[in-house]
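Please find the structures below.
In the two complexes below, chain A is the common chain; its partner is chain B in one and chain C in the other.
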Partner chain A sequence: MTAPAAIAPSAQRFAIAPALVPWCGLGVLTALCLLLKTELPWLVNFPKEWTLPLASYINAVADVVVAVIQPGFRALSALLDAPMRGARLALAWLPWPAVMLAVAALALKSSGERLAIFALATLAYILLAGYWPQSMNTLALVLLAVPISTVLGFLLGVLGYARPRWRPVLNGALDLMQTVPAFAYLIPLLLLFGFGPVVGLIASAIYATPPMVRNTMLGLERVPAAISEAGLMSGCTRRQQFWQVEVPTALPQLLVGFNQTTMAALSMVIVAAIIGGFEDIGWEVLSSMRKAEFGQSILSGLVIALLAILIDRLTIGFAKAPDTGPTRAMRWMTPRRLALSLAIALALAVVIRLAAPDATLLPETGLREQMGAVNQWLLGLVRDYAWFFNGVRNAVLYCLLLPMRVGISGSATPAMWGFSLPPSALAVYVVLVLALAVLAARRLGWRAAVAILAAGLVLYTGFLDLPWPVFILAVALLAGQVGGSRLGLFAVAGFGLILVNGLWPQLVQSLYLCTLAVLLCLLVGGALGVWAAHSERVSRALKPICDALQTMPQFVFLIPALMFFKVGEFTALIAITLYAIVPPIRYVEHGLRHVRADVVEAVEQMGATPLQTLLQAKLPLALPVVMLGLNQTIMAALSMLAIAALVGTRDLGQAVYVALGKADAGMGLIAGLSIAFLAILADRLIQAAVARSAAASR
Partner chain B sequence: MPNTINRVRCAGIGLALMLAASAPVAAADLGAKDEPIKLAMLEWTGAHVSTHIAGQLLEKLGYKVEYVTAGNFPQFSGLADGSLSASVEVWMNNVGDIYPKTLAAKQIEDIGKLDLKTREGWIYPKFMETVCPGLPDWTALNKPDCVKALSTPETAPNARFLDYPADWGSRAATIIADNNMPYTAVPSGSEGALVAELEAAEAAKTPLVMMFWGPHYALAENDVGWVTMPPCKEQTNEHCITPPDVDKIVWSGFGAKWPAAYAFLKAFKMDAGEQEKMMLAVDKKGEDLDAVVKAWIDKNEAVWKPWVDGAKG
Partner chain C sequence: MTAASRPIKLACRNVWKVYGRRPDYYFDSRGYVIDPDALAERLRAEAHLPAVVDASFEVATGEIFVIMGLSGSGKSTLVRCLSRLVEPSAGEILLDGRNLLAASGKELIELRRHAMGMVFQNFGLLPHLTVLDNVAFPLKIQGKPAKEREARAREMIALVGLEGREASFPHQLSGGQQQRVGIARSLAVGPELWFLDEPFSALDPLIRKQMQDEFLRLQRMLKKTIIFITHDIAEAFRLADRLAIMRAGKIVQIGRPADIVLNPADDYVAQFTEDMPLLRVITAGDIATPANGAALPERSVAADTSLEALIPQLASGVGGFAVTGDGDNPPAVLNAGAVLAVLEREQARRKSS
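== the complex of A and B ==
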């Protein structure tokens, strides 16, 4: 379908497309910048004297504003503290047999006996690992954050649905809530709400609200016209129409939102623990990370992962019935029987507490201490395979990371690669890139040629030595041509803000780390996804691995990565890649599995080899889904920046982290907003590109 | 006349001193003993030990004690508004910008040193002495073979020095520059990263020089040497490593609310050697923190009796 566009009429091949003109101008500017680089160093390193102390302005304003509005927030904090305390006390009071009984009954009602068994196993694991009280504290936080987020999200979603004009503002706010790393706003929250678990609660609520808003809007919009008209014809008032027609119809989507909100709240547990205030499971994970105790960190991280999976399946089960209809166990568990089970659980709790008011009833297994063996095993690996890990690390550093960072021009020195390139070799390189570009221009159009030239330039100068005016203009031009002039202006404004705040070096580091991580994820994850799409066994083996990678607190993976590969960029790259590799695996597999079967069959009938079918039919057809996966990969990589700071990076994530350490609210916010800006820009670019290609193929 | 004024002034100062001295006596009063004293439980095991010893002794005095986990920087927000009552092991080299702010606003009070004998400096695993002969003297680090052994792709041609996390400040980089050492300081990101590197270096026998501090349980487990540092260019915190002070910080309303507890905490001290032993018992032998602390209290009544008796008046 796209074939005619590729074989452009030969007359047009030599005519210059109007969109190409600015790129040619940019090429001239680039050449100028590179020539003047040594005379005008500010082209590469934005001078310190030009930066604006915006962060200290923010701090000065914040000091005044906080003093004025603090009492109100402190009152709110006190108001929230009471139910929080209540929930913690109640959960601590409940003896574990009662909790197990209640959760098992709920699981049975939600999705049948298999989930009930999983729930019992999860709770038993928590009990045996010795994290029961901490887990109950975590649950208290989630139990409180989820209703707040759900109600708030529902209200905002209704607002967005009823007042479409406010939608852009609302969407912008939601994007920020989801992309600004929570580390960045912990300090302002701490100033406003005071020290304590309430800060963690608020942070969780902020992060967990957007999915509910988005799903509410989506659900209400998707109410079929036939249904709402039927409501109107039977004479509903506006209120009746909303509560009795639209909300029930949108309920499945609302429940999906509820599920996502719950998961988001749970994923913020660790961040909440950075503040402290109460001993929860996040605090345990952080402590074990601090001690570099891999065994304990797995033990406690697994609690979070299992809880996340359990809560996910529970809420999903209530959100939608299985395709095959309810199982026998689910039918047996009628609402009445469920209520009865919960009552029995409560009665059991009262009896136990009356019989033994002070007993904790928690078994002492010492499992936690035995995890020291895992550490010994890990250190054994480090000892025996040091040559291997060092080799991998050095190979990747020399061949991939350093050339990307300082470019071929910086790497080809005696100190780095052991030789320097003669001018003739450089000439060969330039000719090679030009030839490739010409080839691309002939076969794929001028856009591919510009992309190749840009890649050749970055590879030569490296990310660090790229002149910033060229970089900003190039991205702005790209954004303007793909997504319209507003997106282009947005890009200029965002990069300008980063520039004047003196965060350019950190931005370049972030870009370079994330670009590499995303490329690696796409390559490796994409390959795994393709494999999984063609083999049930691989698919089944990958699923729990993906679940674990996404629900385990990312801190857990930092410890072995540190021991194997030491502090540095490579370890950060590994950590980011491990987390961001899940979306490409999932989306590629999903996309390939849902390609229209008739098209694939037709292609196979024409005698295509499996590889041809994959590359020329399946992948192009699955492209929209794969692009969605790319989008998610970029978001995941950017969200890991703040956590990768713990292994000693020098990027925007580290800036956020340092600001957190120094309680510098202004710098934290600016660095956090910079990360959010990158995420939003990438998201809009990809969406616009997908929309364009969809329009082109239509 | 000046003489009289002086005399009056002296008398005034004397009176003030007398009042100050007699304050603890008046402080025999327990104060609001039914309201729990909230002690900050910081992130590291050493602080857990100090805090629990203080807590158990406060309980002996007749107080209720609550242990509240707190991040190292967030704790000052808690101490400033009284949601935390006291923090007994605050390392003054790592208090961020929030500490001087709250101290200047008189929201918190520094009630003196914990007397924990600390150490800070550059360390290396013991096997390094064969890699860089001449250690612990700092000049050994400058020898070409040593630099070559410590060099990594990221720092080449310089050697790699593993520094504190970026948010703890970087004196090592300044000292390296002061002495023209062929080293590049690499910030480590977190305490876990420092410990992980030390343990991995010990296991794989890979060369390593890094910034560290004691008492720390990692020192009890790994055999390390301390570099004899080059002379300081200036006697300031940026150019010089001096053992950090460890202070006890309380909420500004603490003294008025719990007078006896205030007097006790002022007197409270902690010995580094004892603390390290307890840390090892808790962290590596997996013993219960409460039990370890209780055993210490039962055995060392002579140490803490004066603090408690002084507080009772």
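== the complex of A and C ==
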């Protein structure tokens, strides 16, 4: 264990930068920790005896509080139960021809004939696949959650707009609502509201409200000064100014918020199926996955995906007209004709129900009953090509996952790779890392050198063997230098909380899984984005794929990953990567395409090759945009963490999931808050970095 | 011009607008005489931004009063103080002799509904309303019945020459057309006081010229009292009865265009106006002398004729003009010598610059 000592920066030559000094100190500390880790094992593994039973305290408090306030919430639950029952009954009562007519009319009004055809095809597929009742149950929940979230979100947004002083509190609450995994608050919700679909409703209302709040604030703030002044000079009272000037002007943004809220509600209604028993489409996916009926899980997953795309296009169509103006079909569908169509649909429903009061009118044998053969075939396929799937899995596992987790020091054993790590090889590694660091310091400055040393250290020890004091201090130092001392303190407090709750191993697992997934997303997605930025054809081909991936609820990503690669870390990695890959593609392409043309022309005129233009002009200029993409990728990866727990991981998401199973509200909340903390820290860090680089380039 | 003889519509007395942490702190000294320059200096030193510094002027009924300055000189803030879109930090604004700053919220709304109209640089049209509904919007706010406001809106749309576009939405119109809608809307309630905040600055030069002509045509018909903000010196001299030049929040000179080019208050104003051709700015009325009972020359010209237009006649040997058109003033005479003196001065200006 002497070698890593050499990694401590030999830093006299760059000692000029004052910000480097603490990093040198940290280097010394790292060396000390690594030297002492055999004598003082608590440096790596935080001892169990030191943990604080915060979770049980929370549970104890919660027990008391819940006992007191439960009746009120149960009453609320009963209150919400009635409209929900009503919505479910109404949708179950509606015969499918009436639903099809109504949805097609809406689609025609929203985005024209193409969406109407897509809507009809989607509904026909749901009908034929045999998931009509389940889909209607899901829709009933969405139909209730969306108005609640929209109204609540609008009110909160108006509050934030009218009282700027409350905005920090509001923003903090919104961040938590969006980043704490729903599994974490399902437990307290279950305790408060009792078992039943109302919990799913409340959970989706919590998760779906923030987009509406944010878009309301954004829209109202962006009302041009000239328009609001024109309203004031027309002699508007405060109320007239709000309802007749500000709200109509902000309406497009409000509708975007409505679209995002609807999508979030759909996604959460499906996730909430995890507590089971409401006969909705999410439950279908989950139970067929558990039974390894992949044919059915693909069928039902497709239902979710198609529904999501349909609802998304339907709502976004009302938010913004296409750039080329409304199509003929959209103009034909005047509000009067739309109302007429809806009335006809209702009349049709009444007539059908009068003629056949009890018939379900659904096709007798759905596609899903005939999936046995497909299941067999899929299982056979996976079995027959096991060499391929296992090969891929093992290659990634041994070349990427293991070295990252246990480090070179742990994985370079005869048992794993067939060779051990002799001191000579270690020396080569150290020299290599140092050489890279020196090179980086020469060409890119000391920050790059520190980053390379840190990466070399992590690769050597692995995520699991990283001493926690070093890790916490390093992140805090980074946060402090990039985002100010408050962010640094926030990092220390957050990691400290995770540490004393005994969740450090899970945190390390989460970090390792997320880091890998984010790196993969950046590599693959970045490459695709660069390609798309330079080729219209690729861009056009990728766009619908990205659209579909982004509207898909998280659940759906588990299906293909699980089908081919079985339960395990690798499957989780695939699912997370699939879910989080869109932002890098989109943002890299957008960033590269919108680099200032005059700069690119100047560089090309100097005789730069296309590669030089890309690496030395376009990418650096597009960096702020790419960073925003990175931010979104990290958010997506962390939010997928809780869902990926279903396929067997050992991270914070799993801690949340296990707590859900044990109805351990305290542990669930703490683990959920830990994930939220990671997300918020990453978000603030990246935003601070972008702001700094923007300030520096000004 | 007889601005002085008409009643004062709007008076602005020692108005200040200061941005910063606690602007009120500097204006609690009632009864003291404030040295504006010293106070502005102190405000800047103490991290406050004096956007309007001690602005005082009077605007007569029916007058076009132009406030001109570069961007950041405080002219837009000043006009917003006049309409109380921005609350002044100190000073008095008298509308028909009533202190506007003492008006309650309700009174202010009433004033805005009936007594003031405003046109904005970026039009400020409501994107979700048609041209007709935009123009009728102030009337709708007052709760006028639909028929009445539609009739009035159509009248206004005809006035600005936009017939046929009533059902269009703002984004379907060109910039010039949008500003016509803005003008029609600001006139819909028939205000006596009309604020125009850089109304033509967002338009192309050719359209701008058209809109200025249109504006002058409207004003000849309507005879509003106008506060017109611009950063375009040619526009200012073209439209103004009187103009105020602002610099760093302060009004450095107020006067008729001819006064300003002939007697600039300081080097800044001189530099600012050095490209304005004297012969075009100065009118016959500006330099005519009272006839004092002497016989009037045969040829007569209107008082607002620019000297430039008289040059051909002078060249053909005309020795003088009788200046007409200013009803209240005694008969006046313009001699060729006076015009030549201006010409000489213009030549001197050219040489020195």
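Assume the second predicted complex is superposed on the first by the 639 of 698 C-alpha atoms of A that agree within 3 Å, B and C clash if a C-alpha of one lies under 4 Å from a C-alpha of the other, contacts with A are read in each partner's own complex, and residues count from 1 in each chain.
One rule holds for everything that comes next: a residue touches a chain if its C-beta (ideal position, glycine included) is under 8 Å from a C-beta of that chain, and two chains touch if they have at least 3 such contacts.
Because the structure is predicted, anything quoted here is derived from the model rather than measured.
Participant: Fit or clash for chain B plus chain C once both are placed on chain A?
Facilitator: Chain B and chain C fit side by side in the superposed model.
Participant: Using the touch criterion from the header, give the chain among chain B and chain C with more contacted residues in chain A.
Facilitator: Chain A has more residues touched by B than by the other partner.
Participant: Between chain B and chain C, whom does A:Glu369 touch in the aligned arrangement: first, second, both, or neither?
Facilitator: The answer is first: A:Glu369 touches chain B but not chain C.
Participant: Determine, under the contact definition given at the top, whether A:Leu397 touches first (chain B), second (chain C), both, or neither.
Facilitator: Once the two structures are laid over each other on A, A:Leu397 reaches chain B alone.
Participant: With both complexes overlaid on chain A, does A:Glu569 touch chain B (first), chain C (second), both or neither?
Facilitator: first
Participant: First (chain B), second (chain C), both or neither: which does A:Gly380 touch?
Facilitator: In the superposed model, A:Gly380 contacts chain B only, not chain C.
Participant: Angle at the Cα centre of chain A spanned by the Cα centres of chain C and chain B: state it in steps of 10 degrees.
Facilitator: Taking chain A as the apex, chain B and chain C sit 150 degrees apart.
Participant: Looking at A:Leu251 after the superposition, I want to know if it touches chain B, chain C, both of them or none. Which is it: first, second, both, neither?
Facilitator: Touch partner of A:Leu251: chain C, not chain B.
Participant: For A:Ala663, using the defined touch cut-off, is the partner it touches chain B, chain C, both, or neither? Pick first, second, both or neither.
Facilitator: First partner only, chain B.
Participant: Figure out whether A:Met233 sits in contact with chain B (first) or chain C (second), or with both, or with neither.
Facilitator: Once the two structures are laid over each other on A, A:Met233 reaches chain C alone.
Participant: Look at the superposition and give the distance in whole angstrom between the closest pair of CA atoms, one from chain B and one from chain C.
Facilitator: 47
Participant: Looking at the complex, which residues from chain B come into contact with chain A?
Facilitator: 40-41, 43-45, 68-71, 73-79, 81, 83-84, 96-98, 101, 152-154, 156-157, 162, 165-168, 186-193, 195-197, 199-200, 203-206, 283-286
Participant: Applying the document's contact rule, which stretches of chain C touch chain A when the two form their complex?
Facilitator: The touching residues are 80, 83, 85, 109-114, 116-118, 120-129, 137-138, 140-142, 182, 185-186, 189, 195.
Participant: Sort out for me which residues of chain A touch chain B in the complex.
Facilitator: Against chain B, the touching part of chain A is residues 186, 190-191, 194-196, 199, 273-279, 283, 286-287, 289-292, 366, 368-369, 372, 379-380, 382-383, 386, 390, 394, 397-398, 402, 415-416, 558-559, 562-564, 566-569, 645-650, 654, 657-658, 660-664.
Participant: Would you mind writing out the residues of chain A in touch with chain C in their complex?
Facilitator: 224, 226-227, 229-237, 240, 244-245, 248-249, 251
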